[in-house]
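So, here come the structures, one by one.
Presented sequentially are two complexes of chain A, the first with chain B as partner and the second with chain C.
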Partner chain A sequence: MTRYTLSRLLQGLVAMWVIVTIVFFLARLGGDAAALLAPPDATPEQIAAIRLSYGFDQPLHLQYVDYLRGIVTLDFGQSVSYRQPVVDLVIPAMVNTARLALAAFVIALVLGVTFGAIAGVRAGTRYDQAVRGLSVLGQSVPPFWLGMLLVLLFSINLGWLPAFGSEGFTSLILPACALAAFPLASIARLTRSSVLEIVARDQTLFERSKGVGPATLMSHILRNASLPVVTLAGIQLGAMFSGTIVVENLFAWPGVGQLAIQGIQARDFALIQGIVVVNTFVFVALLFVVDLSYGWLDPRVRAVKSAVKSKVGANVEAAA
Partner chain B sequence: MPNPRRIAATGRSSRFRYGKFTARVTAGALALSLVAACNGPAAPSAGGSAEVPASATNQTLTVGVATLQQQYADPVLANEGGNTYPIKWSVGEPLIRQELDMRQVPALATEWSVSTDDLTWDVKLREGVKMHDGSTFTAKDVQTSINRVKDPAFTSYAAYVKKIASVEIVNDYEIKIKTTVPYANLVFDTPAPVATDYYNRVGEAEFRKKPVAAGPWKFDSQVFNDSMTLTRFDDFWDKDRIANFSKLVLKIIPDESSRLSGIQTGQLDIAQGLTPNSAAQLQGSPTIKLVTSKQASVANVFFVDNWFEADSKLKDVNVRKALMLAIDRKAIADSLYRGFGTVTVNATLPVTLGNDTSLQAWPYDPNQAKQLLAAAGASNLSFTLHLYNQTTAIADVQKFAEAVIGYWKEIGVNVTMDAMDPATYLDKAVKHQLTGAVILGTPGLLISDPEKLSIFYTSTGGYSAVKNAELDGMFARLSSTVKRDDQAKIAGEISRKLHETLYGLPVVSLDAVYAIGPKVAAWNLMEGNPYPGPFWHLDAK
Partner chain C sequence: MSSALESAPSSPAAGRPPRPWLRLRRRPGRRPWFSGTVMAIFAFCGLFGSVVAPHDPDKVNLSQALKPPVFAGGTPTYLLGTDQLGRDVLSRLLTGAQVSFLVAAGAVLIGGAIGLLVALLAGYSGGRLDAVLTRVADASMAFPVVLLAIVIVAIYGKGVTVVIAVLVVAAWPQYARVLRSEVIRIRTQEFVTMSRVMGGGRFWAITRHVVPNTIPTLLVLATLQIGLAIIAEGSLSFLGIGVPPPAASWGNMLADGRNFLATAWWLPVVPGVALSLTVLAANLFGDWLRQALDPATRR
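Moving on to the complex of A and B:
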């Protein structure tokens, strides 16, 4: 398991390195990176000052080393529009986005798995049809539209929940629901089909014939059906971290999505670069956790790793 | 010191009535959608009145703003554009401020005079003024502020710093500022004084986060990208501008529909930056009032081909005149802007110093427009109209462009629309990378000073549309004249010149529309200001 973990960690680091390298070279492919970092009305003196302070007058390989060092030490430079270190802007925004994304994720996972699993074991019933219908709807409804409807109903007409803001638990409910709709529907559909497949296996039939209780049987079914669901959930969570822009804007949620919009509008390249790198890190970290969970959920994954290791060892011995 | 008249915020007549939402959620999102589409919002329950209590029952008011731009808490840094001004006006108190009718009136300066060579200003300062930290305001606070902006980080003061030769403290309440060139707006443009001892103690970085100045509101706290909270400064020198409530929250809500929801649910007490369509949705409410800042900005079309050497039909004044005559501006003001727009007479507004009120608005006359085009040999005229898709100064800018293009099409002019994001657009406009015509808004607040029109109408202006030696000369004379009356005369000449040459078409002027909720007792708005604030004459119930 340690080897498996380390290999996944290494893959994640390589992916990170590739992406931050692409970001580095993209910034320089556009011409004068100092001009890119400067505000639109910057004078030549200001651009020259930026060139000096960012080391753009240095050879490219030295700039690259400095850039990597900056990322490792969480130094993404200074935001030209906000006049603050980028990290001071991105990290609090990322924490807010994480609150929203995790809340939406919990809603999507709990309800998606519950609805999907029940629909799977009660396939063909009206309940199953309703879940399938609502899943299609959930995947079709744009989050901003759903968000507006939720505000209209629960904030304006019923007055139960705040229309926007990030203070307290109640302000989290509507944006989290708007954000959760799509992944909830996806998870419910995948859970249903996955459960259907497991229910049809001989193993389940055998357990039933042995008189295994419904709760135990369900736990076995769910564990076996969970691998594709975990994969999808991990990807959806990553997408939520980087895809909350519309919902954040609608609900005035001070997350990384809003910050990204402002960074783009202000052509604040250092800020955008910082957001891209942090988002990449979050996505890669989430996929790493998903990969690790495979080994925990499915012993075969660990077994395959061990087998590969033994086979490689045997081949080496044979070659010797 | 003038005592501004208190005017209660008044609502507009009701156009639409909304029924009570009675639907029940019975099944699924489709049903919800239909219910939502068929029923309007219920009106808030509280009522509005014109009475202003000495101390309000509601001690907190929340204002929903579209943006505070870079969200600087520091009132000196908050000079980067109109959307940063709410902090500049609230936390800072300048030497001279603009009154709600745009007149320049004394604030922390009581008197000022300039030497005969127009290069040395002697400024007498107000005594007995307290800063937010309790320290007493003196001349060194002015000097500290001027020294601060010499740092290139204060980009918006670059032009100011360039003209400053020296700053000399005469005594605690008198300061001499020498300039390198005559500088009419020197005292007005001088940054708001900051508390020197506090600044020296905490340093630049900390000061930017927790500024101490002398404005009517103290900076309290900030949640980045979310809100800025200010508390009333009870020791503010001008008692007329002290509010009757203690806490003002500026809440950043970029989405207009969310600001609308906020005022409807009572989460907001004021919603800024409403488009006419959104405003129309609120006109049925008995408790939510709409208030406007009249002629807050002008929606202009500038013919930027006049800046280039290359030949262009748009360089012919008769062609430009034809393009002006072709637009039914009243229809745009009444229909697109639902009465929140006005047909403009000129590039200058009534709030602009020296505005020539004898000028007449260009009429709508498509037949004459066709004749002028034919006579100029420009019947098959075609060009590109560039615009940006979002600006505080022009509501529904894309629809505005479509309307103008539509009118031009009726006289046979073929115009291609090119909409860009603001950053790309403004960058290209500044670098003169756009040809044909461009749309730019001119805020009344900006052009109340006629010299600011040089940005658009002189060869070296930031967004210049024209190279014209006569106009360059007029603006040069204006900038080197320090006496207000002389300035007004030159500004009048400029006003007439712009009216006859039409390098830019001032199509319509637009009101800034705010919705105010039942907790607001009164709010006096600054005429000609498209940006949020100032919150000097805002009172709660």
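Moving on to the complex of A and C:
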């Protein structure tokens, strides 16, 4: 298990390194990096000063080492639009984003697994058809438009919930629901097909013939069906951290997405770079946790992880 | 064609490459009427939207501002109403379809081509190159689309080309991953080995046997990517980092419309319905295509 954990950790670090490197070269290939970091109204002298203070006049490999050192020590430089260290801006925003993403994730996971499992057990019934239809619909409606419809209904027409802001629990409900729809739909679809597959196996028939009660049977089916669902859920949770951007924008939620859009408008590249790095870190960390949870859910993974993983990947692709 | 030939993965004796997508014609059962029709309408508007538009989509006419659609008490001159500047919503919708169509087509064609190329390279070379390409694809998939767009827009500025580029960068690994395993599966099948035995070169095997047999998978992936591309264009334009206004795109219309949720509901609702319907149709069509082309479910 230790070896498995270490190899996963190493893979995560490599993935992070690749992305961080891509960002580094994208910024330098796009022309004058100092001009990117400078405020839009900077004079040539100011740009020259920035070039000097960031070391843009140095050879590329030295810059790269400096850049990596900054990331490891959580030093992303200074935001030119806020005149504060980037870290101090990104971390509180990330906490807000995490609140929203986790709330949406809980909704998506609980409802998605419930609906999907019932649809899988009762395949072919009207309930199953409804779940399948709604999940295709849920994967087709973009979250920002769904959010607008929710605001139109619950804020403007019914007046039950606030249309924007981040005050209190009620303001979390609409953005979380808008964000949850897509992952909910895909989790429901995958759970359904996964449960369907387990139900068709001999082990389920055997348990039934032994007289195992419905609750126990269901828990066995769910545990067996959970592996692909966990993979998908992990990917969806990671995707949500960036999917929040549009929803945050719509609901004026003070998260990373809002910060990134402000960063673009102010041409604050240090801020954007910091956001991308922190976001990537969260994503890679989540995938790492997901990988570890396989080992916990299914002891076979520890032994023959590569074989099982490729199968899981195929299932996820087939259902996504 | 005899049934024995039909069930073979390809007809090695035939002079031309196999065309597995012809299975669609022979497939009995339900036809995708709804999704097919919507996709056809979308393609038509994507090609000729600005030609059939009843008004100039950018013509500002403040005296006609915020007229409701005809079914909500508006006039037949403006079937779907007008926006805050008096521009005709239907005309903007039709012109916007061209943007969505262009973005979707560009992202799907270029992304699919790159993905297929990488898949062939990885699937055929094996070894270290395969490992590197697979890792790069995995790492690129970890990079969320919107974040990628933010980085690229921050560096290169906005535009339709940038939107397409972002989507291509986001989409190629998806094709590459799935097609790589397809390539490996096909190239190890007996009919490909036979073609080598009979003296066919590697290039022959790739162009005549492997690539044509990946087409069904490629088609399914591409159809499902259409929906994602349309949503992505909408999201980016909605955030103000996609297609630059005042160009009519569905995302721009939604971004404008959000300010009129309480006063002119049709401005946010109409483009959203068009967008969601198109994506829904693309997803349903992709699902149908997958089942229809999958030899395992073929009867």
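Descriptive notes on the structure:
The rule is short, and it goes like this: the second predicted complex is superposed on the first by the 304 of 320 C-alpha atoms of A that agree within 3 Å, B and C clash if a C-alpha of one lies under 4 Å from a C-alpha of the other, contacts with A are read in each partner's own complex, and residues count from 1 in each chain.
The definition used in the following text is that a residue touches a chain if its C-beta (ideal position, glycine included) is under 8 Å from a C-beta of that chain, and two chains touch if they have at least 3 such contacts.
All values derive from a computational prediction rather than experimental measurement.
After overlaying the two complexes on the shared chain, residue contacts for A:N249 are found with chain B and with chain C alike. Look at A:L137: by the touch rule set out above, it reaches both chain B and chain C. By the touch criterion defined above, A:T73 lies against neither chain B nor chain C after alignment on the C-alpha atoms of chain A.
Contact with chain B, but none with chain C, is seen for A:L259 once the two complexes are overlaid on the shared chain. In the superposed model, A:R267 lies in contact with both chain B and chain C. By the document's definition of touching, of the two partners only chain C reaches A:V14; chain B does not. Applying the stated contact rule after C-alpha superposition, one finds that A:L149 touches each of chain B and chain C. Put simply, chain A uses residues 137, 141, 148-149, 151-152, 156, 163, 249-250, 261, 264-265, 267 to touch chain B in one complex and chain C in the other. By the touch criterion stated above, chain A contacts chain B in their complex at residues 39-43, 45-46, 49, 81-83, 89, 92-93, 133-134, 137, 141, 146, 148-149, 151-153, 155-157, 159, 162-166, 249-252, 254-255, 258-259, 261-262, 264-267. Contact residues of chain C toward chain A in the complex are 135-136, 138-139, 142-147, 150-156, 177-178, 181, 227, 231, 234-235, 238-241, 254, 257-258, 261-262, 265, 268-269, 272, 275-276, 279-280, 283-284, 287. Taken together, the chain A residues at the contact with chain C in this complex read 14-15, 18-19, 22-23, 26-27, 30-31, 36, 136-137, 139-142, 144-145, 148-149, 151-152, 156, 163, 238-239, 241-243, 245-246, 249-250, 257, 260-261, 263-265, 267, 269, 272-273, 275-276, 279-280, 283-284, 287, 314, 317. Touching chain A in their complex are the following residues of chain B: 21, 25, 28-30, 32-33, 35-36, 39, 41-42, 70-72, 77, 152-153, 155, 158, 208, 223-226, 251-255, 257-258, 261-262, 264-265, 267, 390, 421-423, 426-427, 430, 462.
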